[in-house]
Amino acid sequence: MGERTVIPFGPQHPVLPEPIHIDLVVEDEHVVEAIPSFGFIHRGLEKLVEKKDFHEFTYVAERVCGICSYIHGMGYCQAVETVMNIQIPPRAKWLRTFWCELSRAHSHLLWAGLLADAFGFENLFMQCWRIRETVLDVIEETTGGRVIFGSAKIGGVRRDVDNDTLKRCAVKIASAAAEFEELKKVFRDDYSVKQRLCGIGMLSRDDAWTLGAVGPTLRGSGVRTDTRLEGYAAYNELKIEPIVETACDSYARCMVRMHEVTQSFDLIQEIAARTPEGPVFEKPSGYPNGEYFARLEQPRGEVIYYVKGNGTKNLSRFRVRTPTFANIPPLLHMLQGCELADVGLIVLTIDPCISCAER
Amino acid sequence: MIPEQVIHDIEPAALRERTAAYRRDGWRLVQICSTTLDVFELSYSFTRDDRFEHLRLRLPLEGAQVDSITEEYFGAFAYENEIHDLFGIRFDGLKLDYLGNFFKTSVSKPFATSMCVVTGGKNNG
Amino acid sequence: MSFLKRSPWIVHYDGASCNGCDIEVLACLTPRYDVERFGVVNTGNPKHADILLITGYINEQSQPVVKAIYEQMPEPRVVVAVGICATSGGIFRECYNTKGGVDSTIPVDVYVPGCAARPESIIDGVVKAIAVLEEKHLAMKKARAAS
Amino acid sequence: MTRNFLAGFAYLLLAPVIGALLAGVDRRITARMQGRRGPPILQPVYDLLKLMHKESIGARRTGHFFVLGHLVFMMAAGFEFFFGGDLLIVIFAFALSSIFLVLGAYAAHSPFSHIGAERELLQMMAAEPILLLTAMGFYIANGSFRVEEISASPVPALLWLPGIFAALAFILTIKLRKSPFDLATSHHAHQEIVKGLTTEFSGLSLAIIEVTHWYETIMLLGIFYLFLAPYPAAAVLLVAVVYLLEILLDNTSARMKWQWAMKSSWTTASLLGAINLIVVYYWLGVQP
């Protein structure tokens, strides 16, 4: 013992289903250095704007990532709409918000399951994913897809959801929310869970801010921020209070996401009750000319869509800066000096979506 | 409400200084974005409270080179390495340099040319 | 009759997918779909696996990884390409970094369509893979008897 | 004597069968706790038969030798136990068997199996004191290390050794590789070192490790039986309850780190085991 060994983490690894590779320089079980390498999943889809027209590209944007897929599609649409100066109908705005919150709930539940799996609590993993299935049912009922909705469209949404369906969905979500409260107690109070999360992967408020952390990672370090406060879609008519934890550790980040699921469930109920009547789509005319940075809040944090049009059917640039990409420098900071047993866990606390990050 | 987006056009030489000022005032680096037109257009975005601002600078397509801001914002290394690999722009003083191995692509510098540039772009799509 | 068909262990690799199919592969393990009913275990270790599930297409950097995983698997082994990207490159076919579907790198036995492939079709694909596994086992047996 | 041999051979023949069934029931109950249907009860048998058909790759010749040693010494330990032999020999053979597995893991060139091996050694260090305390406890209570004589005693050992019983139940979790102690290798590979100890074994070697694990489980449960040996029905019930509690614990806790595993098992050993031992020693010393 005492000698240094290099332990490969990924790209094929049971804890993290996604291909990221980290070389961990380990002394006993202490991580001295963590060197990540990327590119296993780089597709170069931003370049596709040159081949697909800007309407068609919505479907490519949705496939930036299969977990927060809807928000990618919608964010792209929102950016193009701003460039083209399109006002989408109010009902479309509310429906978009509805699906955004469903995405958040399903993504966080998925994450919670993976985290539980990473610290060897298999039962908890199963329970998280069981509740998630109810959320997926609602998504399937309203869009037809389970993970990729295909509902975003420039100028509105692809299909309307009638009010009866919305009400029925609200009931389903209410039952999922009740089950989730039980689950949340385990994450909050269980001795073994707290042993594995408290004090692990510290990221101070200053480090989080200057290294550019976003989303629950930043909020778990005590910064009050949430892009939803900017009031895109129907968020300007909803009351949103960012969930902030100040402990700066993995437990704090976990609790931020736990409370956000509750918040999302509440918002879904409210949206189902308040969605106004009206059309859901307005046909856009012309081609985008101009540029815009759209900022949205994904389950993983703030995401930026940059769109630059030149008045033709193809955009000249589409860029997405995903939350995982912004969270990589803070992650490296957290991995330094941690225990080998905590590596998988710490990587998961930023809720990595490598597919997003590498596009 | 959605904040207005202010874009400051600057000279490449002024980048470090302007970035340092943002850092001093407690802004967060949101992203670095590069676009290929008839020049490379780099946008550095910063945010604080409900404000959202960008620094915009232009570099020639041939031998593009600019100062790294990893001294001010260490997290910028990810963006800078990515732009280096995809666009071929060199960053001087990069604190964590992957030396072109951040993304291994089958085409080198895939974004360095744009097929959609109206002037002089070759459209083979 | 061999016991391969009662105990197919899988290993899952995300070639370069958008994650959509990956989370559906994981969803197969969870209470609603519960593939353990059929003896399927997600081993996470290629050396213990019989079936390799690959999602997403292959790019420059993931090609050697996919090859390595395939080579680590003991015979008989079966490859299932999950999702349209894995079968042909799908929506990313035209991207500059795409090498094509999984069959551009290793032989594929079963193709599962869908974007994202639904858990039902993934389970269906695994069941088909079990039949192929059985065939390969018999062929191996025959070859051993012949030599 | 013939009876002893019969019992020993019965163990060699039946332990893998009962162990496999127990593992099947375990997987079924675990699935039910997780809201799933779970595999057929005979699933572990199917897995084993399949593994025997698979190609063995990766592990080197020395690896196979060590795995064989692992099995043989485990069988020897179990045989000695059911034969009614010396409890100390049982524990030594048992430890030797585990050492063989660790050596096998070290023989492979993989950082995962090396770290798994290191963790297995740490877990042995955590578990071994309690096993020795158990043997000493039985000796103090019955005046003999021989299983035969302990089981023939009219007073159940549980009466004298409740603390040791609890401590032994604690380390059973380590030996069964269940949460919170599935550090070195676990039944479902979702940990940072993949399958740890067993990462590099495949095919027949893995099958042998699996069978050895069943032998191990049955022998350990045999020790629990010994605590209530005068009342066979109650003893079987006790063993069942202990095993069910293990499954419950596995499903209600996270995997801990090795530091915690060491600290908690040594604390348990000293608190429950040693105090129990001291009390019984003086108690029996006063009125033998």
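So that you can tell them apart, the chains are marked A, B, C and D in the order they are listed, and the count of residues begins at 1 in each.
Methods note: contacts are C-beta pairs under 8 Å (C-beta built on N, C-alpha and C of every residue); 3 or more make two chains touch, one makes a residue touch a chain.
Keep in mind it's a predicted model, so treat the numbers as computed, not measured.
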{"item": "Other chains in touch with both chain B and chain D", "value": "A, C"}
{"item": "Distance between chain centroids, defined by C-alpha means - chain A, chain B (Å)", "value": "24"}
{"item": "Separation of mean Cα positions, chain C and chain A [Å, integer]", "value": "27"}
{"item": "Separation of chain B from chain C, taking each centre as the mean of its C-alpha atoms, in whole Å", "value": "39"}
{"item": "Distance between chain centroids, defined by C-alpha means - chain A, chain D (Å)", "value": "43"}
{"item": "Contacts with two or more other chains, residues of chain D listed in rising order", "value": "34-36, 188-190, 194"}
{"item": "Where chain C touches two or more other chains at once, by residue number", "value": "30-31, 42-45, 59-61, 96-97"}
{"item": "Interface hub residues of chain B, defined as touching at least two other chains", "value": "104-105, 110"}
{"item": "Full enumeration of touching chain pairs", "value": "A-B, A-C, A-D, B-C, C-D"}
{"item": "Parts of chain B lying in touch with chain A, wherever the complex brings them together", "value": "1-3, 5, 23, 26, 28-31, 33, 35-37, 43, 45, 50, 52, 54, 73-79, 86, 98, 101-105, 110-111, 114-118, 125"}
{"item": "Residues of chain A touching chain D in the complex", "value": "1, 5-9, 13-15, 29, 116-124, 126-127, 130, 190-193, 195-196, 339-344"}
{"item": "Interfacial residue positions of chain C with respect to chain D in the complex", "value": "2-4, 6-7, 9, 30-31, 34, 36-39, 41-45, 47-48, 50, 72, 74-76, 137"}
{"item": "In the complex, chain D residues that touch chain C", "value": "27, 31, 34-40, 43, 46-47, 49-50, 53-58, 188-190, 194-195, 199-203, 206"}
{"item": "Complex contacts: residues of chain A adjacent to chain C", "value": "11-14, 17-19, 39-45, 47-48, 51, 59-60, 63-67, 69, 110, 113, 125-126, 129-130, 133, 145-148, 353, 355-356"}
